[in-house]
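Look at the two complexes coming up: chain A is in both, with chain B in one and chain C in the other.
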Partner chain A sequence: MAITRLDAAINLARSNSLWPLMFGTKCCAIEMLMATGAAHHDLARFGAEVARASVRQADLMVIAGAIVKKMAPRMRLLYEQMAEPRYVIATGSCAISGGPFMYNSYTVVRGADEVVPVDVYVPGCPPRPEAFFWGLLTLQRMIREGETIREPGVRRKPVMAALPEDVSLHEIRAEIRAALANENVIDVTQAANQKPWARKVREWIQRASLR
Partner chain B sequence: MDPESLLALVETAHPTLRRRPLTDRPAVSVAPGELLAVMTTLRDHADLRFDLLITHTAIDYPGENRFELIYLLYSTVHGHWLIVAADVDRTRPVAPSVCGLWPIAEWQEREAYDLMGVLYDNHPDLRRVFLEDDWVGFPLRKDYQDEYMLELPK
Partner chain C sequence: MTVHVRTLDELLHAPLEADSELTTQEYLVNMGPQHPIAHGSLRVVVRLDGETVKEVIPVPGYVHRGVEKMCEHLNYRQVIPYTDRLDYLSAIMNNWAVAKTVETAAGIETSDRIEVIRTIMAELQRLQSHALWWGVTGMDLGAYTAFLYGFREREIIGEIFEETIGARLTMNYIQPGGLMYDIKPDFAAKVKKLLPYLQDCVEQYETLLSGNVIFQERLRNVGIVDGARAVALGCTGPVVRASGVPLDLRATEPYGAYGKVQFNVVVGSIGDCWDRYYVRLEEMRESIRIIQQLIDGIPEGPYSTIRYNVELTLPEGIHYGQVETARGAFGVLIASDGKQEIPYRLHFRSPNFNNLWVVTAISPGWRIADFISIQSSLDLVIPDIDR
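For the complex of A and B:
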């Protein structure tokens, strides 16, 4: 019981001080990390404005844009260098599924979850800053309700953070709480570890340690 | 110089090259064996002075078993343009490098090698430029396939 309460306190603290990594792979980065961070939309309202240029200091990776095959292992390396607990938001069509580059593309990876475990998907091309904020709030909610310090990395099933119409915040809250309680739990880390990009990073690390 | 007299001048210097019809800028076709000689004339002739290689690229025609190498030239002295095209065999795509004439060609030829697999004689450093060194194949060829790629369902 005491541990549960400690979890709640820690998760509340974590959810309200997400430090995003200064990292953008394509045009979504203009919207996600620059427009939201600037004064008009103001990411600071949600405690997530401290964009860090070093992975060692960041705990939220916002994947803003398509990931190409050359970038994938590098992005995976950045993710692995982040300190746990680390969270990932994939914004925009390209980061969710490859978007317009899904078919007949020799270079674009079909979705960020091929490379790293993704917690929240924010659809749009690019998403509005409001949609990104909704995704961020969803992540904060997931952190508060989800992970325990005993099982880091094992999280609830990822959620699509679409901004719905004509529903009250109360209804959304109830719906998400029910979804999080009922949906099965998957190990997102394990799923991403199976992919070739992770193998490439492991090879790099092995080579570097042999040197 | 107007396109007509420009083409006439180029043709008198090198009678073997052919004019290309239906282009919006003056354009000529040249055999790959003569490419270097033609390019040298184009750069050094006092009335031509094509001192700037704007771009170099390749087009894949798998049906006709050829790559078409395209050089877009501009003269900062006279302000005129010329497109030079050369066909190389698709099964053995070897062309002379024009790095000695325009140093920027070194990068543009690396790009054409990287994406199309065109090989350049006497290029000082013919490596991949955009893709990773362990990449297999040349992705802008029309028949390129890899196991990760998805075909668009009909």
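For the complex of A and C:
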């Protein structure tokens, strides 16, 4: 008979049944949501194949592609409609920093983390499905060692799930373990409200409800 | 022939009145930007009377990154990676459009070897794109198995791209004056081995999905676009060919190695969703034929005729070039002032933007489920619409 904390049991269950939202804006969506969902790469191995079209049923938002100013309030709205606890993975350069559209573009939001708090960043343009899996595994690990039911929303700080060159898998595991062992925590709800777009979206929702 | 399109503002302020005999009510329904049928982030406002579609107004712009404006700060070789990110399923063909325009304007000669490799790569990409489309259409219409099979072929063709180019999606392969990398020594052997397999796959597609009664019922005689209307809307690619208009830039103004090979321009008969479906399947067979004719005789030689660090300045004037991508004619219009090595103005004529308005023109009168079939049969890639 194993005795464990309730938190550990809940987090284990949460980490192994992530339901991603069917939400892609650009090229990354083909790789992150469709190619991984198909048979060759098979997202089902990680218990995250139940892609939902409705935000209310999903708890993982994979931001796949550039977020432009017209889309930002909508994405924020999607994030707020998701049930807690909710997790965000930003895949690809566009979602991390604006990527190729960093300079001279008049519409692209420079990084999706200006709009919603991001848990894991997966670099690449687009990342390979394997890189996305690594990001998903990192997120699962963060969830397992993450928040407690006493303090919901307080969890680890974001992690960059980059696969470095010429490094063995053991070294990567040790590095991630060390990164996760730090006591860096973040209050997601608070962080979300501090985002520059949060106020704009609140106004936007108010205007819409008045109409 | 003109097609009148109301703006979103006009639609929102119009009175909602149902005219059906049943006691129905009119609704305005937003489909998107986050919607499974959106294939990305296209917002479509649909005016519904019960379940019947009365009016469809697409609202593009949710992925508008201002690529054309950005390109005014980039030289011609730097423009190429951005074309990957427009219609990412036919990235190589988009690269080719820019390369072709620049080569024609600057008078750069290419060799036979370069053109043959370009053609083979473009046809492989067309196969990949159509395989993906076939799978996604199946999924949209409720056949999830099709999705798994479509992506199986995508991965297998993708392995060849990975070996040669190093990328899975954003290729950045065809450059003005040549190619980014040379092909590997065993490239021809691998592609040759793949072709019979792909032929079997197309047959398998037919067995899996084409004969399905439900699938046929949802596509046959749904969303008919006649040839005149398709041309009036500016449609290109399989959409216009399905309406019986033999418009294929590969045949009408041959570029690359298309002039040297035998292939049929596949046309449909009435222009319904089934024709659009079947034209693409037949095109996969034609693509295999084209590769079969070219793969044996790839000439020897260098893979680029110019050095890549050479400054490319186009002569003053407006230069236009277009190629046939998997979705239609992709054109590049470059206005050059003749002094700088960057374009003065640049415009992409993307096939999806014109194909999109088919949903506005033909959806009224059909049910929501038919609207899904129509939009799925157009094979839209949203970043190409928004640019």
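FYI, the second predicted complex is superposed on the first by the 184 of 211 C-alpha atoms of A that agree within 3 Å, B and C clash if a C-alpha of one lies under 4 Å from a C-alpha of the other, contacts with A are read in each partner's own complex, and residues count from 1 in each chain.
Keep in mind that, in the parts below, a residue touches a chain if its C-beta (ideal position, glycine included) is under 8 Å from a C-beta of that chain, and two chains touch if they have at least 3 such contacts.
All values reported here derive from a predicted model rather than from experimental measurement.
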When the two structures are overlaid on chain A, which partner does A:139 contact: first (chain B), second (chain C), both, or neither?
neither
Name the contact category of A:88: first (chain B only), second (chain C only), both, or neither.
neither
Compare chain B and chain C by how many residues of chain A each one touches, and report the one with more.
C
With both complexes superposed on chain A, which partner does A:102 reach: first (chain B), second (chain C), both or neither?
first
So, A:70: does it touch chain B (first), chain C (second), both, or neither?
both
Could you say whether A:110 touches chain B, chain C, both of them, or neither, answering first, second, both or neither?
first
Using the superposition on chain A as set up above, list the residues of chain A that contact both chain B and chain C.
70, 103-107
Chain C-touching residues of chain A, taken from the complex the two chains share
21-27, 29-31, 34-35, 37-40, 53, 55, 65-66, 68, 70-71, 74, 78, 100-101, 103-108, 125-126, 128
Taking the touch rule as given, give the residues of chain C at its contact with chain A in the complex, in rising order.
33-36, 40-41, 61-66, 69-70, 73, 81-82, 84-85, 88-89, 132, 135-136, 147-148, 150-152, 154-155, 168-170, 382-383
Complex contact set, residues of chain A against chain B:
69-70, 102-107, 110
What residues of chain B sit close enough to touch chain A in their complex?
130-132, 139, 144, 146, 148-153
